[in-house]
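Scrolling down, you'll hit the structures one after another.
In what follows, subunit A forms one complex with subunit B and a second complex with subunit C.
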Partner chain A sequence: MVNAVSRRLLKELKDYQKERNPDLIELSPIQEDNILVWKAVLRGEAETPYEGGHWTLRIEIPKNYPIQPPKMKFLTKICHPNISFKTGEICLDILKAAWSPAWTLQSACMAIRLLLSNPEPTSPLNCDAANLLRCGDFMGYESLVRMYTQLYAMSQTDNEGSA
Partner chain B sequence: MSSTPFSPIVRIDRDLPSVVESDSHRLIVRNEERSGVISPSEIASTSTQNSSGNASTSTQISTDVRSLMLPEEIKDKRCWICFGEESDSVGKWVRPCKCSLICHEECLLAWITENQKSTALKKVRCPQCRTLYHLAERASLLLRVFSIVDSTIQSSIPYFTIFGVTFAIAVTNIHYGAYAVITMVGLEEGEKLLEGPWSWRICFTLPLVPILLIFSRARIADPVMPLIPMLFIRYDQLRTTMPLNPSLTISLLPWVRIVYNYSYNRLFGRLEQSWRRQLEPYSVTTDSENGENGNERRRENQDVLDRLDRSNAGRKIIGALCLPFISAMVGSFIGRFSFIRSRVPDTFHRNILGGCLFIVIKDIMNLTYKYQRAKHRRSRHIKNYTEFANEELTSNIR
Partner chain C sequence: MSDSIQLQPTDTSTLDASTESSSHLDHANDRTNAYEYSEYTAEKNQEYLESIRRETAEKTPLVCPTESMDDLLKEYSQGSEVYQQKITKLAEKHHTIRRCRGDGSCFYRAFGFAWFERLLNSKDPTIHQNALETLTYTKNQLLPHWYEGLVYEDMYEEVEGHLKAIVEGKYDSDKLLSIFQDESISNQIVMYLRFVTTAYLKEHFNDYKPFLDCDMEMDEYCSKYVEGMDKEADHIHVLVLTRALKVPVEIAYMSGSNALDQVNFHEFYPEDEASEGVLPLKPLVLLYRPGHYDILYRNE
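And then the complex of A and B:
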């Protein structure tokens, strides 16, 4: 079974490397000898409060992947109604009940990137962000998200470049 | 969701793990060219600008022709589950739906098994085209029945939990009620009352005992309290005999309670209020002349008083539940005096009398306590340093 898992993961890696995805800056195993722990770096979508930010995700792959979904969480702090600010846990159905083997690590990362611009404030992991949305305070929500993007998701060089 | 200003371009459909909706985006344009449903595996390539779509262009030719092909006839096979290709994997190839997804039989069976973990015989569909997978399998009638029973039990657990909790509360209440009745009327009488098959009256009233006792301590129950005994009393027993028979006594108690509370408030309400106000950090009485300010402060103080009342809820509930046993204790105590014994011969009435006596004594003590505290507060003043410094000095010299 482990063989089948690593075969699929290697192919996913090859697919990603063959055709670089500008929105997914990095997607690779963290260590050479362990293919079950990956790291991904997402780029925030333009014209959203996440613009300009880079977020690192940690991906843990179960032994019976792709029958079971990978565990993904944000390592970089992010302010989003469906992502825990403290632990980086993500509330997204495709990573839980709606998972199917047709998803890949890359497509799941892209789904998370879409989640960023499509928050679902009715099932929040970050109540403060969700409440702003539920009250209709989009200005407040956007500036809050932008602030945290600048605080945590922009590297030192990026900050200097913008300033 | 779409009302957010940073308008969502693509949304994730809740059921289908595929991107479907899009307003003004190349996603949909590319889809139409290809006349296929985008699978999750293609989200990545479609949302990027420079995707050549090398794998998909080959299928672009005609999905219709492909849909009738057997797995053996398709070239460049790749299992959508394990990503194994013909060259690097072994196993039987199957093509269970009309879309482009083909896979190993073993892989698909593993996926179906994972899906059916919670409920056996659950229907599984292709994640891309939603075609129901057809399995040639031998599911015996017994298995089907078990599967249905299993899923029914699974879904009915919450209801059973609610039922169980309610039942447990009801049983507790009935036990409390029975115990309270036995305490009030005495062991022999009580056993006689609660013996044998219970009538609907007993079934309804016993669990109500603790609830009514608790509500009797709250103002909100005032309008309904006297009506409740009327629902359960047997009218043929309502004869005015001396001494009053138990049914009549019980139905009179709420009225007695209302009259007592009313006259208590009439007599001591204002007095009690003023004493309580004096116990507040800022005494309202001294400030009340200052117009606006005084009013505000009074309102604040009223809030504090209300909060105090609410924080006493636990004390009130426990007090209410203890009432029958305290009444019985006082009842048996006053039963020792022969002149009460001769006038109130039976235990029940003595206990009721004991309860009433207890409440009156308790209220008197409460009032006295409040009065003493208010007096104590009024007598207070802060000593200047010189006053006690001298005292200390003299005591040290000694």
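And then the complex of A and C:
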């Protein structure tokens, strides 16, 4: 007996595999026997300080998904005003109170990717990055982000910080 | 009598301020003991708010067995005279009430249950056929314009499966109640009704934009105020769902205002049918008290 959430997730997996998404290099359950924990790999957008980086995210799906949002966090270290440098927690309204069951795992990942180039420095989880933006030091901000991209997100092996 | 307090139908969002703030304090103390400040995250805050919500909501089944109008009256025995008077008046023409859980989805759940129950009790094959056709239309024509299939297909299958079983006479009223009390099934049905509402709103954007009462694009409005499972239904959502599914609804609006000595009824009839003066399906009757919907049963 396949329950509602498994049925939905299998459909999402099939949907992702059907058409390649160059910005989302990977999206699949981590282990075969647990459909409720997924891994995603985001590709940084060109012409942003995230260009060339690959970030791994861990996705935990609640049993009443898609009524409740999935819990998503970065495993690869990333420097961004709305993402905790230490824990990888993401501050994005659609993953919290503004979640709608019309989202899918793939569209939620793409929303996170969009957040990378559209930071919201007024609600920071990374104050150092946010402060650079808030005082208008864009050059400083970009070099900081680029440095961390090179340091953590560009090596061949997966840099999966603290899980 | 302590039961009557528990049964007070309140959406969690309209929780009594004193209850909320006191439990808030309890939890705040727990938290100081349990975690270091540095471990406190927005995610934990969200989980905690969710747990309060659930605790309050789960005291009432998603859809309850019926109760007499006297039971409803008793709820106000210590309270407002205006309400007592209005309920007495309402009881002249309505014999029974069925409560729904105040979890933000009460309108959709009450609508869904009352609709299915009407179809269960109807022996008219045209009514059954019309209901199935309208439902198929929402899946084949209405929703695909606005959502990708995988978002709503499972929910549609759930709704269609039960509707067919009802039409084929496979369900009785106990079975119907058990379906709506099953959290997973019940919520799938509610979600489908929410998607029908949003798709119809988007489809008729120009007609409804002036009612929105906010300067927002329809997509943003729908994802903020309709799609989410805890978003309560407004007048406009009732209007839209009624039209999209061609199901007439009458709502008894009960407020504490003493301007009227009886409950005010609002009629929501699908356009074409109202103009012809014929309603193949008898209107569903819902009772609205500020922030909450239940189902009413009218005397034959």
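One rule holds for everything that comes next: the second predicted complex is superposed on the first by the 153 of 163 C-alpha atoms of A that agree within 3 Å, B and C clash if a C-alpha of one lies under 4 Å from a C-alpha of the other, contacts with A are read in each partner's own complex, and residues count from 1 in each chain.
As a working rule, contacts are C-beta pairs under 8 Å (C-beta built on N, C-alpha and C of every residue); 3 or more make two chains touch, one makes a residue touch a chain.
Predicted model, so just to flag it, every value in this text is computed and none were measured.
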Subunit C versus subunit B on the shared subunit A, clash or fit after superposition: clash
Partner chain in contact with A:Arg7 - subunit B first, subunit C second, else both or neither: both
Partner, of subunit C and subunit B, that touches more residues belonging to subunit A: B
Subunit B versus subunit C as contact partner of A:Leu151, first or second or both or neither: neither
First (subunit B), second (subunit C), both or neither touched by A:Leu75: neither
Which of subunit B and subunit C A:Ile67 touches, first, second, both or neither: both
Partner chain(s) touched by A:Lys96 [first = subunit B, second = subunit C, both, neither]: second
Contacts of A:Thr104 with subunit B and subunit C, given as first, second, both or neither: both
Partner chain(s) touched by A:Leu114 [first = subunit B, second = subunit C, both, neither]: first
Which of subunit B and subunit C A:Thr87 touches, first, second, both or neither: second
Subunit B versus subunit C as contact partner of A:Thr48, first or second or both or neither: first
Candidates 24-32, 42-50, 186-194 or 258-266 of subunit C: the single one with C-alpha clashes against subunit B: 186-194
Intersection of subunit A interface sets (partners subunit B, subunit C): 4, 7-8, 11-12, 64, 66-68, 98-102, 104
Sites on subunit A touched by subunit B in the complex: 4, 7-8, 11-12, 16, 19, 21-24, 47-49, 64, 66-68, 92-94, 98-104, 106-111, 114-115, 117-120, 133, 138, 142
Subunit B residues touching subunit A - in the complex, by the definition given at the top: 1, 4-6, 8-12, 14-15, 17, 19, 39-45, 47-49, 51-52, 80-84, 88-89, 101, 107, 110-111, 114, 127-128
Touching residues on subunit A, where the partner in the complex is subunit C: 3-4, 7-8, 11-12, 15, 64, 66-68, 71, 84, 87, 89, 91, 96-102, 104, 125
Residues of subunit C defined as touching subunit A within the complex: 41-43, 46, 50, 147-148, 150-151, 153-154, 158, 183-184, 187-188, 191, 194-195, 198, 222-224, 227-229
